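Presented sequentially are two complexes of chain A, the first with chain B as partner and the second with chain C.
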Partner chain A sequence: MSGVEGYMYPNEITLYWSVLIVLYPYITGLVAGAFILASLERIFNVEAVKPTYRLALLTALSFLIVAPLPLQLHLGHPERSPEMYFTPHATSAMAMFGFVYLWYLMAVLVFEIWLDYRKDIVLLSQSTTGLKRILYRIMTLGSSNISPRSLAIDRKVGWIVTLVGIPSAFILHGYVGFIFGSLKSNPWWDSPLMPVVFIFSAMVSGIAAVLLLYMLTAKLRNQPIDMPCVDTVAMYLFYIFILDFSLEMLDLIHRIYEADESFRSLNFMVHTKLYFSQIVLQLCIGTLVPILLLAIVQVTHLSATIRKRIYVLSGCLVQVGVFAMRWNVVIGGQLFSKSFLGYTTYKVGLVTREGLLVAIFLSILPLAILSGLLKLLPPWPKDEQNLVEAAATHTP
Partner chain B sequence: MKIDRRHFLVMLPAAAIAWKYLLAGTPEASPNYTMTDHWWSMLIDIPKCIGCGNCVRACAVENDVPDGHFRTWVERYLVTDWHMENPEVVSPDGGKEGFSAAPAEENGKYFFVPKLCNHCADSPCTQVCPVGATFIAPDGVVLVDQTYCLGCAYCVQACPYGCRYIHPEKRVADKCTLCYHRITKGLKPACVENCPTGARQLVDLKDPYDPIHAFLKTHYVQVLKPQMATGAKVFYNEMDGSVR
Partner chain C sequence: MSRFKDAGHLFRFAFLFVVAFAVFLVVRHFVVPRSFGEYGHYRGAAIGEIAAHPIHFAGHQACEACHADIADTKKAGKHATVNCEACHGPLANHAADPSIQPAKLDTAVLCIRCHAASAAKPKDFPQVDAEQHSSGVACETCHQPHSPAIQAGGAK
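Entry: the complex of A and B
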């Protein structure tokens, strides 16, 4: 049979989890990572990363809005998905998706953004006209009190929400790792380290994404890049990356040393079908090179221009590496037979429901949503002063 | 229209015939079937399997199994002296059309292994279903409610034996039901019914008179991948250690 080497159980020849299921953990990872970066400023008082705080929250929201779409498109019967809310199966990790998602979206992210932006929204509802004014008025939810006492309460509540948000972000993405790691049927996935590796790689990809977006938006707005900010973000990225890499290596060394019944099969797969995506993209280009680049910045005194270039390059390579990691987990886990006697091939369709074009569209969609959110809720600190002035001139 | 007693008596047999005609279109009820009285499983007697593929064909016809997907299939193993851990396994089209003659092998042995859902008592597939669309019936059969299944394929991933697939037209999970529509009426599954050598036997562990009890006491019987601890209920007689 074409695309099959050795022996696959006959029902294994077709892969049921496609590139869209690769996209799902990648997107939720970006959400969790961006939120963790935002919490650095809020909870851990890392003042240097403040310029990225709001951008990180909006990035997280943009990607979180898109997160369920690949799952919906993948389902055989998407119209039945509300059943996961109405009749969730208590023993199923997947059944928790809806609840974890809603909790994170509504109780954490939207609430925190609203609290943080409330003053801006009230000022915008006073300074704008026409439809925009109506929109911002609705967004105030009837709360237009921006007295210092009221804003102090916002900050306190926001702090608590962020505090709750950190474990929630861990749950959101750790749970995605658990979906894979808890399947004893599949030795490629079956590992208690899986949720932890997912969380750390999520932080790496999310922080790198916000770093890239911050530099890109600054460039587009012709604003100078706050170097202490990007240096600090890059430093956190480096240290978390080291932890992530160590965990992944621990998993790998454990597998090699233990060499259980599945090892020969998995080892063969890594050296053949997954060689490019695992060894070349994930390990070398997506992990070792960016770690090395970020390490160079930590131990040398390079000029701001070179540092910026290194951050952009590392950030892009991190995205490649983390996406490759998700690919290797999801697709790699289905390429070998559970009989350990053979391998199949995954062919990505182009214009099918779970094809490449849909995957590309879903990857771009969060960026389109983000650009809309940036217009609606500008995260730039300088805008605040302009807002106060504009509101003062409009308010009778 | 007025109906007198005479007319009524004449129409009564006609009404009875009409009623009987209507009933003929409805499925036969299973009045004597009580789920909790049974605990179904299957016995596969490996030395008896000749790899004819009758079971696979019968299953496909009985259950309208789509091409390229299998509720049951047959594998042919070749285990040589030096490669006990790496047997050569083939199952062309699930063994539906049988197997071509195998080349002679002096240093090894050939045998056939029929496979199907193991109807595990602690089944990983039912554990992971997000809406409980797949479940273990009180009689031990693992079933899928196809009107409820989301088609997420998590159960397909969770099955260690490769017994599940997503039905290409219905877009829901599909698998062996032990021909539930037959066994609840006192019939045998299609694969058992059509096996010419009796290599497949339907087993009711709750039936004290089922010959399985004597068989299990007197034979060396295994289940597939016992290390998975799924409570698999398809028993294999004289199964080689290389089978996976």
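Entry: the complex of A and C
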């Protein structure tokens, strides 16, 4: 049989969870990470990272909208997926996850963004014309009350939403880890640490993504990068990265020490089929190098230009590393036989429904949505002044 | 009262949720089949629909009533536990009307379906590599399908 080494059970030869199922935890991870960054600064009132607050929320939203698409494309009958909502089964992790997703999307993210932007939306609905005006009008839900009192109420409610949002974000991504970690039939996945590792790697990837996006958008708008802001975000990234790394190592050491009946087989897999994606990409290039780079920034005094370059480089490496981690979990868990006697191969299709082109498209789509959202709801604090003025001169 | 007024927009948002939930309930009412949940977490009417499917298998008791000779041969042999229709395929129509001739079986493909050597099978299950064992000759040439064991020293 092509691609099979040793002995595989017949149902293990083809991999059913494709690159799209790799993309799915990666994307939800970015959502959870970006949101947690925004929440940290809101709950703990960190002034320095304020410029990334709204950007992080919009990033989370645009990735969250795309998150279910890879799953839909993976399904043989996507049109049946709403049945999960209509007749949910309490023992189905996926069905319960659907509600977590909806809750997080509507009650947390959209609500928090709406509260935070309400003033802008009202002002925009007064200063714009035509179709845009109608759009903003709808988004105000017909209330143009931006009295100081109402805004104060918004802030309070927003704070509570953020507070509820943090556990929600943890549940959202913890659930993704749970779906893998709770599979006792698969020794590569079966670990109570899985949800925790997923959450921390999610925070790492999400914070790095917001850092990159912030620097990119500043560059595109020809605005100076707020160095105290990126320094603080990078510091968060560094510390959470250390936590994430420790947890992953804990998981690894635990597996090595426990060395259960699957160990020889999995160990062999890590040294052969997964060597490049696990050891080279995930561990060395995607974890050790960026941790080292970020550590250098923490302990030395480098110039702003060099720091920026380091942030961009380590931000990109982090994305590679976290994507590789998702890859190794999802694909790695299907490469070996439960007989522990053989291995199969995963070949990514190019133009198939679950192929590479679709995966690339789904990775770009959130960025396209984000750029639309950035136009619709500009997160830049500077624009706020102009808005008030524009609205003042424009009111008929 | 004015506090209430300043929180008015929040009620509008909450109202959206209520509307969305109401729409959900209405849609749910129409898309979930009537008999869902009647007996368990599935469409109750499905049981009736499946029961209405035509029967394909007669069961070995039916065969044995008419083919007692073969039933006796089989009972004494190694295939005692193998059901008639596991080899002959579904024959409910033949059992109901014997004038319908069952299809002839080709032992060159039939037997290896169960006996092809594979590491996944229990070690004590009789299995052969068809190429080595008989190099394409129909198994029937040497083995009696209804009593397949070949006694040592017996006819080949």
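Simple rule for what comes next: the second predicted complex is superposed on the first by the 395 of 396 C-alpha atoms of A that agree within 3 Å, B and C clash if a C-alpha of one lies under 4 Å from a C-alpha of the other, contacts with A are read in each partner's own complex, and residues count from 1 in each chain.
As a working rule, a residue touches a chain if its C-beta (ideal position, glycine included) is under 8 Å from a C-beta of that chain, and two chains touch if they have at least 3 such contacts.
From a predicted model like this one, the values you see are computed outputs, not experimental measurements.
In this superposed model built on chain A, chain B and chain C take up the same space, so to speak, and clash. Comparing chain B with chain C, the partner in contact with more residues of chain A is B.
When the shared chain is aligned, chain B comes close enough to touch A:340, but chain C does not. In the superposed model, A:268 makes contact with neither chain B nor chain C.
Of the two partner chains placed by superposition, only chain C is touched by A:149; chain B is not. By the touch criterion stated above, A:380 is placed in contact with neither chain B nor chain C.
By the document's definition of touching, both partners, chain B and chain C, reach A:89.
In the superposed model, A:157 lies in contact with chain C only, and not with chain B. By the touch criterion stated above, A:111 is placed in contact with chain C alone, chain B being left untouched. Touch criterion met: A:7 reaches chain B and chain C at once.
In the superposed model, A:103 makes contact with neither chain B nor chain C.
In the superposition on chain A, the residues of chain A contacted by chain B and by chain C overlap at 7, 9-10, 83, 87, 89, 339, 341. Put simply, chain C touches chain A in their complex at residues 2-3, 5-10, 12-13, 16-17, 20, 24, 27-28, 31-32, 36-37, 41, 119-120. Residues 7-14, 16-17, 71, 74-78, 80-81, 83-84, 87-89, 91-95, 97, 179, 183-186, 333-334, 337-341 of chain A are the ones touching chain B in the complex. Residues 68-70, 73, 75, 86-91, 93-94, 115, 124, 126-132, 148-154, 156-166, 170-172, 228, 244 of chain B are the ones that touch chain A when the two sit in their complex.
Residues of chain A touching chain C in their complex: 7, 9-10, 82-83, 85-87, 89, 106-107, 111, 114, 118, 140-143, 145, 147, 149-150, 153, 157, 339, 341.
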